[in-house]
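Could you have a look at this structure, given as structure tokens, before my questions?
Letters A, B, C, D, E, F, G, H, I, J, K and L mark the chains as written, and numbering starts fresh at 1 in each.
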Amino acid sequence: MPNKIKIVEDKSVLVVHGPNLNLLGARETETYGGTTLVEIDKSLVRLGKELKIAVVSFQSNSEGDLVSAIQGARGGLNGILINPAAYTHTSVALRDAVLAVALPVVEVHLSNIHKREEFRHRSLLCDVVAGQVIGFGPTSYLLGLRALAELI
Amino acid sequence: MPNKIKIVEDKSVLVVHGPNLNLLGARETETYGGTTLVEIDKSLVRLGKELKIAVVSFQSNSEGDLVSAIQGARGGLNGILINPAAYTHTSVALRDAVLAVALPVVEVHLSNIHKREEFRHRSLLCDVVAGQVIGFGPTSYLLGLRALAELI
Amino acid sequence: MPNKIKIVEDKSVLVVHGPNLNLLGARETETYGGTTLVEIDKSLVRLGKELKIAVVSFQSNSEGDLVSAIQGARGGLNGILINPAAYTHTSVALRDAVLAVALPVVEVHLSNIHKREEFRHRSLLCDVVAGQVIGFGPTSYLLGLRALAELI
Amino acid sequence: MPNKIKIVEDKSVLVVHGPNLNLLGARETETYGGTTLVEIDKSLVRLGKELKIAVVSFQSNSEGDLVSAIQGARGGLNGILINPAAYTHTSVALRDAVLAVALPVVEVHLSNIHKREEFRHRSLLCDVVAGQVIGFGPTSYLLGLRALAELI
Amino acid sequence: MPNKIKIVEDKSVLVVHGPNLNLLGARETETYGGTTLVEIDKSLVRLGKELKIAVVSFQSNSEGDLVSAIQGARGGLNGILINPAAYTHTSVALRDAVLAVALPVVEVHLSNIHKREEFRHRSLLCDVVAGQVIGFGPTSYLLGLRALAELI
Amino acid sequence: MPNKIKIVEDKSVLVVHGPNLNLLGARETETYGGTTLVEIDKSLVRLGKELKIAVVSFQSNSEGDLVSAIQGARGGLNGILINPAAYTHTSVALRDAVLAVALPVVEVHLSNIHKREEFRHRSLLCDVVAGQVIGFGPTSYLLGLRALAELI
Amino acid sequence: MPNKIKIVEDKSVLVVHGPNLNLLGARETETYGGTTLVEIDKSLVRLGKELKIAVVSFQSNSEGDLVSAIQGARGGLNGILINPAAYTHTSVALRDAVLAVALPVVEVHLSNIHKREEFRHRSLLCDVVAGQVIGFGPTSYLLGLRALAELI
Amino acid sequence: MPNKIKIVEDKSVLVVHGPNLNLLGARETETYGGTTLVEIDKSLVRLGKELKIAVVSFQSNSEGDLVSAIQGARGGLNGILINPAAYTHTSVALRDAVLAVALPVVEVHLSNIHKREEFRHRSLLCDVVAGQVIGFGPTSYLLGLRALAELI
Amino acid sequence: MPNKIKIVEDKSVLVVHGPNLNLLGARETETYGGTTLVEIDKSLVRLGKELKIAVVSFQSNSEGDLVSAIQGARGGLNGILINPAAYTHTSVALRDAVLAVALPVVEVHLSNIHKREEFRHRSLLCDVVAGQVIGFGPTSYLLGLRALAELI
Amino acid sequence: MPNKIKIVEDKSVLVVHGPNLNLLGARETETYGGTTLVEIDKSLVRLGKELKIAVVSFQSNSEGDLVSAIQGARGGLNGILINPAAYTHTSVALRDAVLAVALPVVEVHLSNIHKREEFRHRSLLCDVVAGQVIGFGPTSYLLGLRALAELI
Amino acid sequence: MPNKIKIVEDKSVLVVHGPNLNLLGARETETYGGTTLVEIDKSLVRLGKELKIAVVSFQSNSEGDLVSAIQGARGGLNGILINPAAYTHTSVALRDAVLAVALPVVEVHLSNIHKREEFRHRSLLCDVVAGQVIGFGPTSYLLGLRALAELI
Amino acid sequence: MPNKIKIVEDKSVLVVHGPNLNLLGARETETYGGTTLVEIDKSLVRLGKELKIAVVSFQSNSEGDLVSAIQGARGGLNGILINPAAYTHTSVALRDAVLAVALPVVEVHLSNIHKREEFRHRSLLCDVVAGQVIGFGPTSYLLGLRALAELI
């Protein structure tokens, strides 16, 4: 569980990465760029420090584990930054988890999902999150963290 | 696996709880009420005794684990009472598991899914189960167990 | 009018049977079983006694008469148990009557409507009733009455 | 009830006329022609005699009464010739009545419903009747009776 | 039949009220207001006198009776003011009756049907009536009568 | 070309049989019955004689040849009886040919197309023919010829 | 800006005419009648006097100018009578302007839009206005003004 | 034309505000907040200074003027930040203008458009812009400017 | 095969006429005009001479023959002018033939297909041809030939 | 207003260019080619002289101004050649303007709109114009003018 | 007819090639590869020998001829391998022919039809054949023959 | 992880079995046959030897584990043979995993998915795999392996 880490900042957020994002930087670089997930996490921690927010990350290919991770954010953490990847378009369970935790949530996407297949245009989370940042590569995460900082 | 418990009653059923139901009573109480899952399970066991039916419960956030649990009911158990929660609307795998086990299955829902989002109106299991009980809160489970008792 | 009967129990409910249900037990027995409507009504009265609820029944093939019967439940009765049969899928007038009487209403169906023709999957009442019991034959009525007993 | 008439022929059929057909010959004659319903019934009786079939007619503007009339044909009569008029497109109750009586049913229409409004192209009875005769004015009824004669 | 009343004005119109409108003023007052149907009819008669038009009213919960009432307006009366209520969205029979009587017809609605459920946005009569007045409460009827006065 | 046959009756009609009907009686007899196309043609000639109408038949698996056959009926013949079979649902060319010949056309089907696959419910000819006879087996043709006799 | 005119009545309303209405009386008179927009405005002023309401009119072919005109009604005026013409079916900007001004708005149409092309059946304003008057020619405006008088 | 302002920073961007945004802070504050457009523009200029980017703003209710403003950004400016408001959902002309100027464009929305009416879920620009920032109130603009700064 | 004719001009094109066009001038003249196909072909040859292009024509009611004719244009000819008539809306085979020959193709229609039945609005060839000329009667062919002359 | 120019030819037509066409030749040249709008207008004037038709051109990015320009063609001019560009797919106002002027109108498009985004396949003008020329670049205009010359 | 060839093997199958496949190897080689139809047929004969199955091939551009060829396989042959090409998506007649012959049928496609235009995703034969092999170029045929060998 | 097995052949492929396939041979044998998954794997290994390809198998009910297994094939293995079972129709995550590994993938299905429920007709993988083999029972796997052998 990612939320067992001790947190020293005043505020802390969970960053949730969906399926196949573990391959970032090594897969389809023309679409997703060459930055790895570790590098994104590092840049988030760096920006978090500037914003006085501790950043905890979690990646899984399993819908159930992602649901549990979101549930785990209840109580201890102050907000969630999520890139649900493929589950954006198919998971009611993630949507329900977001509804269940009473926290501000920001949804981000690396690529502009509206330029891709028809089924990627619909997000099952889009109307239960506070807002979305879409299409700016790793910058989407950083802008999303800034947005979350305003909300918490 | 939930089906390893020794059963002394003549008949036994598996109760399957889908994702996020572990938070019941602590989450969105205006929609789902304040009863916890443990309390529901206890009241099912109690009614089960009255009906001479042993009740075994299983909850998971993972679609795959729920599929495996349903598969595990083959042979030993006599029926399944299922609240698939979010997977009601997205899981063909659960549907296939229900088709694969040759047991009577009853589907229950706490809230009236027809009063909620459009995508919650469709159940992928509804035409492979024996019947449905929808909208009566924890009572849905108890009525579902009574229905199952008639079928097994 | 079915609501003129004198009622001695503390609570009383109206049971409304839609079109063609008068032929129950004599028609399409492979779908609807061999139990007649009179037998169902009797078993409801019996369960009603156990639950301290008086049960009044009404059947009609006419949409208008069913609307009037539901209207007649205002004031005197405490709840409605309805199997709208064919009108489930076509009657906005029944829906409006349910909205107009300020009473808890439970919808029941003998057969699993989701296993039948596409147009039977949609109920025009489903989101204005408290809940639904679907697919358990005459048991649907009995479970529906139990659900109604909890609500009133 | 139309089925109380004493029948001397070997076989007998019920002719069911839906709503507004009572105005036939007096209404929209450019669409429906100038023949009245009484004239159609007479010509059916005449052809019935030739085919050794007694013909009993019933018209109503009420869906419920039409359902009851069809139900009444069970047992005594040998087949049904029906022009459901407006209820063709909206009545599941008529469909269920046709399913409930175990008799051959032939559906007829005076006008070619496919030349009219979109919603008139769909018949809720078309797949539960034996066949259809559409678009030949009063001749549709006569051909329908001939078809029914073959079936009974 | 409502059209048997003797009429002394030069012109006369039939006002047709659909199902559940008999409960007006006593039901869902936040949607339909506290005015009763009797009060609406009285205000119509009053305005009718001012406009030199006799007003005859008819309410029924039965689709068939409403069809017959509209048919009865042929010959004697000069126009029809109709609030089809729930049958607005489901009755082809009412539409056919409007087509069958060669009279100007005005459709009115108390509430703004476009602010309500999706299925209430479609009227099966809207393209066979002269025009519509929607959303002004009892005033809708009065404006509808004024519109009818212009047409007859 | 089928229209070169010399005709001695006062009136004559072309009977057009669509693709695969040449196998009638030898194929899917549970759906189409055991009567062959030759037998149907003979019974049509026999009824034609009774009705003083000469009957000329044409069958082809080729859409283009069927179009040409219909075109050939212009001038010499008085009407067309057509079972377009599979082309019912896909051929705009047949529709255009029917529009191009200024003759009464009757469409017939052996089986009730509404009981079969969804795509068979739509006929591309239905609104350009005079009427349809559907679902009575070989009798459909005979009734269609009677209808045509009325029209010419 | 139309709202700069000095107003002496107690109440005042803005009448907004959409694109192409400047040609009224000179264009498609079979659909829209021979009355000009000036004549309609005059009759509105006349009725306004009777109702103690000042009437200010504005017509434009430009969506943006119509939006600005509606915005201009904030503060000074008491209600808006609008015939959005072509923009009824395409302008979210007009809808937003109506939402932005906190005033009662009544929508009117000269012709019965439901008798015309499919795309004219949908109004993007219909659920944000108080109500609609449709299909009575210039009388639609007068009835709309009466409705507005009730609301302000 | 907004692009005539002299620019001293190295880079400059055009901020385009769509219809009704001129009322910001004075209209529907529960949806859009109490910040005015002038305040948003000031905060953008301030952030622009920090990012070494000159910021030029333009607001119009007219689709055509917004198209012209976007066209005017060609050559001189380095990017566009756009909140198309109502035109998001209806303007192909704005889309074409974005395609015509060879500049990076970022789309922003104050409110979460996915929580609102169905027709607001679709953006006609979403697949021709670089990315979107949705739902964070005035912060959406600031994040959008940061994203644009990365792109130019 | 139409492509066996010896060609003396520098360039040559195949004109393909679809089903029922052989009846042109003799059929539905209110829709298609009184000009015959022979006259159209002559005027095309005349214009072809002016443009230094040899014109070869082919008409068939058979989809397969039209496919073969288009295939035959490979190599020898320089372009194709096609009026696919009814096959416009149903033939993927013609589309594939157009894709298979590496030649510029222009699609023409005599009538404005958008003023006719819904299914005629869709062309299966429209996105694989260079362009379309629609609605100008025989002039459509002549303009199409001019367009083709520019392309080859 | 473009129609104030003095005209010496016998006939004159208005050429209407929609939004963003002012950038022609400078924008997306791979789609629209390198010819400028001025060059197209010149070539139209040149062809107009040959055909004895005066040609007046008008371009605007504003829907309202285009509507006004079309209205201005009433009386003085003999026909309209229009490339509505983006408004092809969204403007009912342009459609109404075309309906309002009683003149022959020809619609042209530079690119083949059927090869582009789905929403560009639908033209809101296509069934109210005489015909269309699509996909031949600047030649589309010249062919359109020839077509218009035939019509006026 | 392809089935007149004398067959010496124990089993024999008909290979049916749809329209435009005669151009294989010479047309769109980037999609379909450079192998010709003759080469495919040869490799099928070769594999057939290995599998003790005689292979007879037939290609036509005509839907009717393909129907007749399939009909011809009745009796003498043991199975059919079909690549319906363009008719896959449009021919109910081919589907009916497959239903009419009581033989195992395997459907093959050279290209992956799911990577191409939307309308190519639907096969009208897919649910009446035994199975499908899609996307492996000429190998699709060979695998299809192996599958057929298992079935006969 | 299935890819840790040491491989001695030149090439190796991963066989991925989706949810519920572990019950093969014991479940719904009328649909899926009596062969077990172990037997299928053995026959694949046997054919693999013949084709000089090592075969590694993996089955899971968990979507996430299947995603991880596909990811694990990167680098070491040469291709993937996948029967995604229920996830065929619901998993974008599997699709993304297939896109992420740069390997040839072949999709197989035991039953003909087009003969089953509507939702089983759509595969979310079909356009990202090389090809499909559908409907031949265990033979589908063997043919799929042959196809894969051609591709690697």
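Heads up, the rule we're going with is that contacts are C-beta pairs under 8 Å (C-beta built on N, C-alpha and C of every residue); 3 or more make two chains touch, one makes a residue touch a chain.
Treat the numbers as computed from the prediction; the structure is a model and nothing was measured.
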- Query: Suppose you hop from chain C to any chain it touches, then on again the same way; how many hops at least until you reach chain G?
  - Reply: 2
- Matching interface for A-L, options F-I, K-L or E-G, criterion over half of contact pairs identical, gives F-I
- For chain F and chain J, let me know how many angstrom lie between their CA-based centres, rounded off. 48
- Message: Please tell me the distance, in whole Å, between the geometric centres of chain G and chain J computed from their C-alpha atoms.
- Response: 31
- Query: Going by the touch rule set out above, which residues of chain I reach two or more other chains?
  - Reply: 62-65, 90
- Task: All pairs of touching chains, please: list them by chain label.
- Result: A-B, A-H, A-L, B-C, B-L, C-D, C-E, D-E, D-F, E-G, F-I, F-K, G-H, G-J, H-J, I-J, I-K, K-L
- Which residues of chain A touch chain L in the complex? 18-20, 22-23, 27-28, 60-65, 85-87, 89-90, 119-120
- Hey, which residues of chain J end up touching chain I in the complex? 112, 114-115, 123, 126-127, 129-136, 139-140, 143, 146-147, 150-151
- Query: Which bits of chain B are touching chain L when the two form their complex?
  - Reply: 62-65, 67-68, 71, 74, 90-93, 95-97, 99-101, 124
